[in-house]
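Shown below is the structure under consideration.
Order as written gives the chain letters A, B, C and D; numbering starts at 1 within each chain.
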């Protein structure tokens, strides 16, 4: 059960204290308070955990400072959508809005290799008006004998260049808690020239200890990739590990499922799940066509499968695209064959734009036919 | 190896006889002649089967009546795309063109139940300008104790109503060779008021004996569904069974893969394979969102997952949509829960139209950026 | 609901006629009568199909000629195990008993290639006391351009040689209804020197039209292979297609599931399902280690994976083994790499014997620890 | 490339110094030295990593102190079996030998709940002559709202009771590096009454950071479970992460693959891979029938599927069994439904014994038929 309090309520206020005193007397119920500082107001939610089924909804609604009460189902308590649940499905970071109603492209390097390539990549993004990118410093690799990324050694120049080219958010995978500190330190050292979205990869989707630690910090939003080999439900539960520790700025990433039924693609593209995640939870949804498709094959129209998959994600409402580019993909140290070339970036962005406009037209069409079926997604 | 002869060459001509006499002398080579009567010209192709690797290409090119020679790879000899292969990727039926460059919607009844419902369905299609439909008479069911379709008993009224409402092609599943005769007879009996596209379902994708028999008749084009549990490659090989027997009018259908990794959808939607099939073969590609998604859940924009999946197929170039509608889906005898309602048909068609326009814009965009990468798809 | 009548009841008897007259008056209930001629007695079962839930069990028990009544669950009506269901889990054919309590090895040729090889194979079997074999005449192949088996042309010499070497039952795959007639004719022509067990392969598990036709004949028992890509439940439903048409002599075959998760084996070995099939149904269970494992790799003990998989099936209670051998596997036309060599047959049979003895010891052990948990399996 | 030095060679010896001086001059080659202190002798292996293909084998064989040289393939350098590779396939811990030739049962509690249950469990093991067990203190759970294990709070009494009942090795899952320290401290605090085998669960198979840290310590051997959703090859690569950091005492665990194709079992039992892992690597192989089968269903012989799966693993050469028991499974906090009851332990152990004897007979049989095919497994 979630109590949504009146906006801007102060913890020192009488109403708040009365409320908490009342709640403290509930038997077998634990409380978890979540405060979210927005641009215009501060929202406070109180999660009641335990045997809440016996607590009368009406009684809770009548408590001081309580604006609304949501009785959550067992699944996805914090991030889920529940009956009469009007909690927001977006968050702000670095002046950008990440929501179920927005779209951001994170084109960039799967693995940072040289400063020169980072510079070329970011310059190209800036020239095309982009303010987000992906930059892989820590690379989990199947074999211990493969290149594992430059790690913290590359952070300073990556962040400095981001500042130089006006990049506001860098998606960056972390595989160990120490990486968060290294990123924090490198940002401070370079004067916080950019923001970072921590990325949890598919191999760590159920690395619950890492999720808990990432969930405890609120500096960085998190992109959690779906785990391969587990169901969608299990991956969404993993997102709750982040949220239940306090960090609600979570984006969920689809990146394909590992099975030979997806051949000749590297993974089985799963972007039909975009609307499913948006229906079950309030998380914005990211698609990763590079890892899903994993090749540079193209259809007879001359369009890369990778662009087709991206368009499929976007026309169904995807909110973020994570995509590998490389200035010289034949020299990339990781996943070169699937990377797009820098000179393909304008085409890629224009293609995404067509798909996004189609999605918006489809949404407007649906509003005309059945307005009562739309859920607020803001 | 395929010899494409000069158009309209006559079997009685000297050139043709000389050619055949020469070919008959080749060691360990079998010949299969395929003649396709088009609206404007008759195309003749001769397939050389056996140890063709030792036959010099240049020698074949110089033979009388030979216009072009294509050395096929082992895979998908007839239906595949091979190097320097300019054979067409479309066919005509009932005055309609089915190609990798067209799009047709086959909305209709998964299983015919009553004459009244067929009438309602076809009337709705006619009113919206549609000339194709699906009508299931023979239903393969998991359990022998479930309703198995009305079979031949419903054919007459289905065809008559099609004639009444101007329906030109009905997609209809067959599960036994006798069904082809029954359909042929019912059409004759009713005065051939419509055309039929024979549909081979996913349970029979590798029912090679049925494929051979369906492939031997050329009256009806064929829609072959992908098999669940087998790779895409294996399903494409199955299409070759049809083509190698003589029927080249084959459309390939994607309908999702059976695995719980696709939950909560009924199957794992596989429409990212649309460009793959179009690249590997010359077959038009159909998507079946009804069986792939299998439910009436919808995203927060109020749009059904089923419409999202359809849009995903179309924006990537799908050429045909097979979709279940029902005038009273709660009374449908088969797959009611996944059927769209008749009143949703206008929305559905408008939604498809948006996605198709987006695909066309994307194709035009690609032509501007990289015209040399486009393959002829006509 | 199944009414099991008193043994040897005659259709012309008064009791029987009274019973049938009573049953005919039941509303919305279809009757299907199954008579099984055994060595010692004739068993008659009447299946009541339709809305049987409203029929009182006690009333049925009191009808003339009724010995017992079994209220079946919806699933696997004929072949399933139901509460208080003491119908037998075995059948007799060619003087052999095939039951959940017996074990037969069907070693032989995946595809018949030459008369000489059939002769060598059967001679080796005879010399080792074997009376069953497998012989593939009709081969379903992924590509239409691969060798498809010698079909009916080889039947006469296969059957004659079987007679010569005392082979009583040959497992033989059929892929079309005409094959049953061809087999029947070839047997008659050669004087019925042996018996045949019709085999339905994994590509035809849900070829319901073939199943119905095979189910309608009672001359030959049937081995139905599990379908790849469908659940175990769906494959067991397919077995009901055979049984609901009248043929209850059905053996269920496990042959691995097609997924790369089973690599480096050809399929994912599924022999842990042996006890599951025996619990859910009354069918004997066959394992096919050749197609499941599909290679000749071996563990460090020098034992082939194929023998390990066989032993795993047998120690869990498998009742039949289908295994590919070949006198000269490097010249086999189909699946040569997975075939065992004739000289490996003694080792194979001795290995199977060890596993079977272990199973029997385990069964005896279980009887000591928990005799009340054992179900009659005879 | 691996240089195996003469046993007991001293790092201070001239031979050793000459060897190292020579190796240091090799271009682009990194060295990693691994010393293993055995009961009777100390083995030293030097791993040459980098462009070793240009190094002549003969030259290396002639270097001082070198007894043998193994040119490793790219895969599984440390743990793999390579051509002419006679490195051992066993290790010793707590006076027990864990090898590809031994079998140990680790029956115990999936999750420690109360001291009383630990006591009951260990007493039962002691009474039946067992010296190993499993005890789960840290439990990774799909939902953050589920019981997560008692963690370090239960370690002291678990270890003390192990000492009391003569338990020598406890398999215990760790999900974070801090758990290793906690276990080390608790052991020290309680006077090292027992040993611990660190277990990496299927959710962390590719948590490479955890693997590296676990691999760097050599106090505890490691049981690495196969990851679900990844191929066997990828899981074996993960084991190399442990070994490449120095810890070669690694056991590989099979626990089933997550797919509905395994229904009605919880996972798809994968024990046919036992001989595969033993062939590709030198790791002993563990099977986990509890998580693979995940239920208490039984076949008509009255034997639990779980016992059948165990027997299948053992008859194919499994070296370790991890199995859940519980004194009161209806009160177990984790995975109660799949736990065996304490009173079933004697039956379980006797059943395992039958399967092990069958494996030994099979190995002896293979030695008679084809002794030259056996690889040393000691």
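As a convention for this text, a residue touches a chain if its C-beta (ideal position, glycine included) is under 8 Å from a C-beta of that chain, and two chains touch if they have at least 3 such contacts.
Given the structure is predicted, the values throughout are model-derived calculations rather than measurements.
Shared contact partners of chain A and chain B, listed by label: C, D.
Using CA-based centroids throughout, the chain positioned farthest away from chain C is A. A count of C-beta contacts for the chain pairs B-D and C-D puts C-D on top. Put simply, the C-alpha centre of chain B and that of chain D have 52 angstrom between them.
One finds 36 Å separating the Cα centroids of chain A and chain D. One inter-chain figure worth recording: chain C and chain D are separated by 39 Å, centre to centre, where each centre is the mean of the chain's CA atoms.
Looking at chain C, residues 231, 257, 259-261 sit in touch with two or more other chains. Put simply, chain A touches chain B in their complex at residues 81, 89, 100, 231-233, 257, 259-265, 268-276, 278-279, 292-293, 297-303, 305, 307-309, 311-312, 315-317, 346-347, 350-351, 354-355, 357-358, 361-363, 365-367, 369-377. Listing the residues of chain B that touch chain C in their complex gives 49, 74, 77, 140-145, 175-176, 203-204, 206-210, 227-231, 234, 237-238, 240-241, 244-245, 257-258. For chain C in complex with chain A, the residues that touch the partner chain are 259-261.
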